[in-house]
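Next up: the structures, one after another.
Shared between the two complexes below is chain A, which pairs with chain B and chain C, respectively.
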Partner chain A sequence: MENTRRFCVRVAECRWILPLLFAAGLAFCVIAESGGLLNSYTRFALTTMAVNVILCASLNLVNGYLGEFSVGHAGFMALGAYASAMLTTRLFPQMPALFIPALLAGGLVAAGIGFLLALLSFKTRGDYLAIITLAFLMIVKSALENIPWVGGPRGIAGIPTLTTLPVAFVAAAATLWTIRNLIFSKFGRAVVAIREDEIAANAMGVRTREAKILAFSVSSFFGGVAGALLAHQITFINPGSFDIIKSTEILVMVYLGGIGSLAGSVLGAVIFTLLSEALREFGTWRMVILPLILVLLMLFRPRGIMGLKELPWFLPRRELATRRKKS
Partner chain B sequence: MAYFAQQAVNAISLGFLYALIGLGYTMVYGVLTMINFAHGDLFMLGAFVCLLLVTFSPVALPFPVLLILVMVIIGGLGVLIERLAYRPLRQAPRVSAVITALGCGLVISNTTLSISPYSRAMPEVFDDRYFNVLGVGVSTLQVLIIGVSLALMIGLDALIHKSRFGMALRAVAYDAGTVPLMGISVNRIISLTFLIGTGLGGAAGMLYGMSFPVISASMGILVGWKAFIAAVIGGIGNIRGAVLGGFILGTVEIFSVATLPSTYRDLISYSLLLVILIFKPYGILGRAPNIKV
Partner chain C sequence: MSALLEVEDVTMRFGGLCAISHCRMTIPAGITHGIIGPNGAGKTTLFNLITGIYRPTEGRIRFQGRDISGQRPSRIALGGIGRTFQNIRLFKNLTALENVRIAYDTQLHYGPMESLLRIGRHRRSEDESIARSMALLEHFGLAGLASLHASELSYGAQRRLEIARALALKPSLLLLDEPAAGMNTAETAILTEFLRDIRSHFQVTMILIEHHMHLVMNLCDQITVLDFGRVIAEGSPAEIRANPRVIEAYLGESAE
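Right, the complex of A and B next:
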């Protein structure tokens, strides 16, 4: 028993497993994409999983680490999806090389709007901020429906399929890496301090307003990137696909995997995607079962599976050393 | 001028409906400081329950009986949801309760959607007639909506300000920690609040279904959440604020549809919400809560 425990600790604290997993995953994705190792359905599902990891980790930054409640993540996805799809279909068609800039552009548009929204609304907290993000989601959806230039309610069709499995995998890994580095920086500690007690953080000299706005902008940036990836995966977007249901799906992932945890985000996204694919045959009942899971989670395990705990693989070396010293 | 007056009549009747739904949001918020996101879907269910009662009842039920039945059924459902899903979370972080409410709302609306995927026509409950008042067309239904809403609101106001239950309710809203020391059961007051609040929502659902005779599962999000905007604009937690917000939103919506393409309606109402929240974060009549260290 003791030996098993020690072995688990050694594996968990081993520094080269995560890079190794990344290399193996990337190799697997490249082979799967080119060599016909997997059928197209499985490839599609795995790509969705990678996009979901981005969505979950980025929403966790606001809902988990910052401790606010945003229901507007689908709105940022919509902004990223539309911005990038406009670039690849209208402005620069037939130029797959511009896909990466288009992804970043989608993220930047979302981040810009997210920054403005945060700037205007972060006077309020809690319930009122949730209402503002809800209003934002509705505004984005009905604004897109009313702009004929982006297809109105019919949306944009014929987007080139550029989101391949390796692209999605690398994007997910890059997101996790960036968010992890942010969380363990001075900025990240400010964000967590705000969650624990905003007034106390303020009194200790943390610039809470700046930290909140930055966290929100970063979160919306990755939301936009995920939206852009999704648009180039399913090749068709319309305003209806970025509604409150989409936001709820991301919320289920975050609260299932665990708030304030990157390992939890990955776990939540993976379990959610598998569950969601398994429930596909139930049609609209799927959207009864998923919110029901959310309610049951809130009642019995409100912080999710990993809630506020982190797998040592995701911790920086210095952080690991301090934690070991404490225990 | 007649056109303007006609639109004003429409705005008033829509405003009353929004106010009636908004009251449910605001009562629950006032007592529990929690947004009951499931309220809009209970409103939608009110219309469906009315449809079921009219379709399957062996005798033609008169309007007042129907109204009371719908209010009791939906109110009971609200109490049940509070008992099962919200009460265990009363000590938990506020966000957990909000997420649970959102989840409950989606469960209700998607269950309805799965059972009845298409919109349904609401049967006529009574003979609706139009009559002409000074060149303005007013229907019996509109008069009924205004009359019933007004009666319910005056009744509610009297209940809250004149009765023992109202006093207890205001006490719970003021300081839920001290109330049990005075020998008042907080749980009973909260259950009653849900019964009345969601009952009013159910009544509004029935009236809405009768005046726009097509009902669908998405009504909770499309209409219920508008009422939520109304409650927030007026200052959520404040009962007179909900009525004021309902009228503001009803007026803005009717006149935006009258002057702009109707697809702009949602855009305008949600933008109004955003603008008001940015400049008056706690609504027109709401007060900022005291944050203590």
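Right, the complex of A and C next:
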């Protein structure tokens, strides 16, 4: 028993497992994409899983680390999806090499609006800010429906299929890496301090406005990138794809995997995607079972599976050393 | 001697309630100042005014000669005023070390890009921040508890951690809101010695709100007595002890 425990600790604290998993994952994705190792449905599902990891980790920044409750993440996805799709279909079609700039552009457009939302969060917190994010989502959706230039209610069709499995995998890894490096720095600790106690954070010299701007901007940036990836995966987007149900799905992932945890974000996105695909044949019942999971979760484990805990793999070496309990 | 903190005719009204009325106080650098008064006298409100949580309705607060009334709390904290809270406000889900590091972080100079790429000043600053924070915890006898969550610490350790966190800001003025709350006589005596040690070791001016008269009389160089938002007495511990208005405010008896 003691040996098993010690073995688990050693595995959890092993520094090269995560880089190894990344290399193996990337190799697998490349082979699967080119070699016909997997059928197209499985490839599609795995790509969705990677995009969900980005969505979940980025929403976790606001809902988990900052401790706010945003229901507007689908709005940022929409902004990223539309901005990038406009670039790849209208501005420079037939140029797949410009996909990465298009992804970044999608992220930046979303981050710009996320920045504005952060300004509102200075004065408003909790329930009231949640309502503002809901309003933001509705504004984005109806704005897109009413701008003929971006296709109105019919949306944009014929988007090139550029989101392949390796692209989505690398994007997910890059997201996790970025968020991890920000969280384990003075910037991330300031964000977490606001969640724990905003008044105390202020009294300790934490510049709360800057920290909120950072959390909202980075979160919406990756929300936008995920939207851009999704647009180039399903090749057709309309305002209806980015509604409150989409936001709810991301919320389920965050609260299932665990708030304030990168490992939780990955876990939440993976479990959600698997469940969601497994329940596909149940049709409408899917949207009964998934919310039901959320209800049960709130009752029995409100912070999620990994709530506020981190797998040592994701901790920088320095942080790991300070967290070892002296025994 | 130049004044470190000057409260100039400050009034604070919440709607119809006047929590602080024409309060004047001068705190010279290097002293320990006590604020006493019955519950609801406006003592904590005064702290909240000094640290920028509230903006005074009237009057001015000067710190090191500069007007700080109405500044953002974080700016005032960075200017050199640290504080603790009456009902402990630690970052409960973070470790004791992280609690101190967050206050220490404000003195680190590196940009987001350096953190993102883990280059430049990021590494050096983070190592230094951990080492310094650990040294601070060590001084407070909390080094062995550094990796425990703040919520897992005993009440006394939480009180000490809160003071350590405030000192990580390297303040020149430390505000302590009822540091001995919930402590018995023996614990209060230990705390008195502990605060004496902090005063000499960190060379910090202290203002403390306290109900334990023994601690206040032992530790403070001067005392202000508040009642219903007004300063009713001011002076050395000996003077306060003999002041009939103070006895009246505390015991509700007529001074005549």
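Simple rule for what comes next: the second predicted complex is superposed on the first by the 322 of 327 C-alpha atoms of A that agree within 3 Å, B and C clash if a C-alpha of one lies under 4 Å from a C-alpha of the other, contacts with A are read in each partner's own complex, and residues count from 1 in each chain.
Following the convention adopted for this analysis, a contact is a pair of C-beta atoms (placed from the backbone, for glycine too) under 8 Å apart; a residue touches a chain by one contact, two chains touch by 3 or more.
As the structure is a computational prediction, the values presented were derived from the model and not from experiment.
Peer 1: By the touch definition at the top of the document, which applies to A:308: first (chain B), second (chain C), both, or neither?
Peer 2: Touch status of A:308: second partner only.
Peer 1: What is the contact status of A:13 with respect to chain B (first) and chain C (second): first, second, both, or neither?
Peer 2: neither
Peer 1: Is the number of chain A residues in contact higher for chain B or for chain C?
Peer 2: B
Peer 1: Touching A:201, do we find chain B (first), chain C (second), both, or neither?
Peer 2: In the superposition, A:201 touches chain C alone.
Peer 1: Looking at the overlay, does A:192 come into contact with chain B only (first), chain C only (second), both, or neither?
Peer 2: In the superposition, A:192 touches chain C alone.
Peer 1: Please indicate which partner A:285 is in contact with in the superposed arrangement: first for chain B, second for chain C, both, or neither.
Peer 2: A:285: touches chain B, not chain C.
Peer 1: Considering only touches as defined above, state whether A:181 meets chain B (first), chain C (second), both or neither.
Peer 2: In the superposed model, A:181 contacts chain C only, not chain B.
Peer 1: Using the superposition described at the top, list the residues of chain A that contact chain B and also contact chain C.
Peer 2: The answer is residues 199-200 of chain A.
Peer 1: Which residues of chain A touch chain B once you look at their complex with the stated criterion?
Peer 2: Result: residues 63, 67, 69, 71, 120-121, 123-124, 126-128, 130-132, 134-136, 138-139, 141-143, 145-146, 199-200, 244-245, 248, 251, 255, 283-285, 287-288, 290-292, 294-295, 298-299, 302 of chain A touch chain B.
Peer 1: Flag every residue of chain A that touches chain C in the complex, lowest number first.
Peer 2: Answer in residue numbers: 178, 181-182, 185-187, 189-190, 192-193, 196-197, 199-208, 214, 260, 308, 316, 318, 322-326.
Peer 1: What residues on chain C touch chain A, complex-wise?
Peer 2: 51-53, 72-74, 77-78, 82-83, 85, 89-95, 97-98, 101-103, 105-106, 108, 110, 112, 115-118, 122, 125-127, 129-130, 144, 146-148, 165-166, 168-169
Peer 1: Of all residues in chain B, which touch chain A in the complex?
Peer 2: Of all residues in chain B, those touching chain A are 33-35, 85, 88-89, 92-100, 102-107, 110-111, 113-114, 117, 221, 225, 229, 232, 261, 263-264, 266-267, 270-271, 273-274, 277-278, 281-282, 291, 293.
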